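The letters A, B, C and D name the chains in turn, as written, and every chain counts its residues from 1.
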Amino acid sequence: MQIAVIGSGSEHEARAEEVGRLLAERSCTVVTGGLGEVMAAAARGAKEAGGTTIGILPGERRADANQWIEHVVVTGIGHARNLAVVASGDAVIAVGGSWGTLAEIGFARRLGRPVVVLDPGWQVEGEGIERAATPVEAVELALSAAEAVG
Amino acid sequence: MQIAVIGSGSEHEARAEEVGRLLAERSCTVVTGGLGEVMAAAARGAKEAGGTTIGILPGERRADANQWIEHVVVTGIGHARNLAVVASGDAVIAVGGSWGTLAEIGFARRLGRPVVVLDPGWQVEGEGIERAATPVEAVELALSAAEAVG
Amino acid sequence: MQIAVIGSGSEHEARAEEVGRLLAERSCTVVTGGLGEVMAAAARGAKEAGGTTIGILPGERRADANQWIEHVVVTGIGHARNLAVVASGDAVIAVGGSWGTLAEIGFARRLGRPVVVLDPGWQVEGEGIERAATPVEAVELALSAAEAVG
Amino acid sequence: MQIAVIGSGSEHEARAEEVGRLLAERSCTVVTGGLGEVMAAAARGAKEAGGTTIGILPGERRADANQWIEHVVVTGIGHARNLAVVASGDAVIAVGGSWGTLAEIGFARRLGRPVVVLDPGWQVEGEGIERAATPVEAVELALSAAEAVG
């Protein structure tokens, strides 16, 4: 199973790292946007727990990926790569995040991907969006939702 | 000036049409996603008031555009064309809308484009997002914001 | 009718400008990638002959467009915008050009858009690709092919 | 190292499969467009030799990937995903192929990725494009070129 972890904000890195670690322990591949902060933390958590990571970069250079990305996808399409990040997840977990994350939540739901927002995070309500209080809960909800959709 | 009108929902067409008409009367080009409902209504309002319309389509065929689109851009990139729609506006007006519209609001703000949400609409708060109660107010706010950014 | 003019190389600007002028005289809208050299020359030729021009930019800023672009589409998707440029033409005329132009010729034919290569230009053979010796011939062939496909 | 294998045509599958196998034996990850014919054959060859495969899909559904794709990237951007396929390779090997492959060769060179065309294939000449007579030679040339660029 592939789970996309989206978001930003250095204050959310510790929780993103735990999300990544928990996903790896559940044998899920972690898909992120491949850059820094939450993206790097989630990949680091997954990688250090022996998991697999995919980074989907906005730019044109493989070297832009953070060091915990095992499989690098270089898209060259800028922010439009946000669509690919969430589309590549069987479910999506949002950790912190700003406007790009909001775009990803919208795209994820547009494509029918379940979204879990780890508190605190975007206050967006709608079918297919659940909220979690902890990384453990976020991962549980994401895996359950992905299985239900699958 | 180019103003993007985004959204969906047949119940919002009357107000979208008025937004399109008002923009044309202010000599603004109306940019939309080129398909139906709000997109078609905004283009119809603009065109019938003698304005100019651009439709940025997700598919690969020019014939997908609604009949009020004067200049058709065929992107072939699916929902990722949402990025192009809002990026092509000096400001963005949201009329109704679902998940795709949320993605557009996120992208618009990510790129620094001012957004006006015409009530009722997505409850999203943040810098650069204003709310309007009427089409007249939405157009006024959008033009003021576009001039301030420009 | 919309005709895409693609290519690059400052040595090809004079012929690109004539292509743009001839297209405008035939009431065709000229679609380009919106930047410099051949793209700017084709738009200049069209605009100075009273025609209409659309520029489909790779970046995120409207200000990147050359001054002869009337309708600016800001895609933010980098070189992937090449797909949108050719998809938006009922036919495509290539004037000079390097690797990006080759990608555009491939995409144009992938989508069934007729291509006319103005000599000298890419040596690519295949169904739907014609060669022209002069701007006049290029425009004639492009319009005939677009009508045949349309 | 990641090597992109591009192309199409069922008559080229045997050679594509050998390319995939040889790349896996050289510990390269094989990146393809994730669908059928050459894309499936290259992935099959790599997978059956114990290698790693990434498929970058044009559509919106993970289920579109062929069964030999281990890591699936769902882009939703149609043919524009061709840019991501070649951008994600340290080098590119073309096996057979039609217009989409030509677009990929153009994009690969636009981004500075070395290209090896396995005969018979597109007759495109230019800096950074080499031709190979056999799968063994194609893989050798691609790895040498990737190392030289890297």
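Here, contacts are C-beta pairs under 8 Å (C-beta built on N, C-alpha and C of every residue); 3 or more make two chains touch, one makes a residue touch a chain.
Predicted model, so just to flag it, every value in this text is computed and none were measured.
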Q: Report back the single chain whose CA centre is most distant from the CA centre of chain B.
A: D
Q. Where are there more C-beta contacts: A-D or A-C?
A. A-D
Q.
Between chain A and chain C, what distance separates the C-alpha centroids? Give it in angstrom.
A. 39
**Q.** Approximate Å spacing (C-alpha centroids) for the pair chain A, chain D
**A.** 27
Q | Sequence positions of chain B contacting 2 or more other chains | A | 60, 76-80, 83, 111
(Q) List the residues on chain A that touch chain D in their complex, please. (A) 2, 29, 52, 54, 56, 60, 62, 71-77, 80, 83-84, 87-88, 90, 111
Q | Residues of chain C touching chain A in the complex | A | 60, 76-80
Q | chain B - residues contacting chain A, complex | A | 77-80, 83, 98-107, 109-111, 123-124, 126
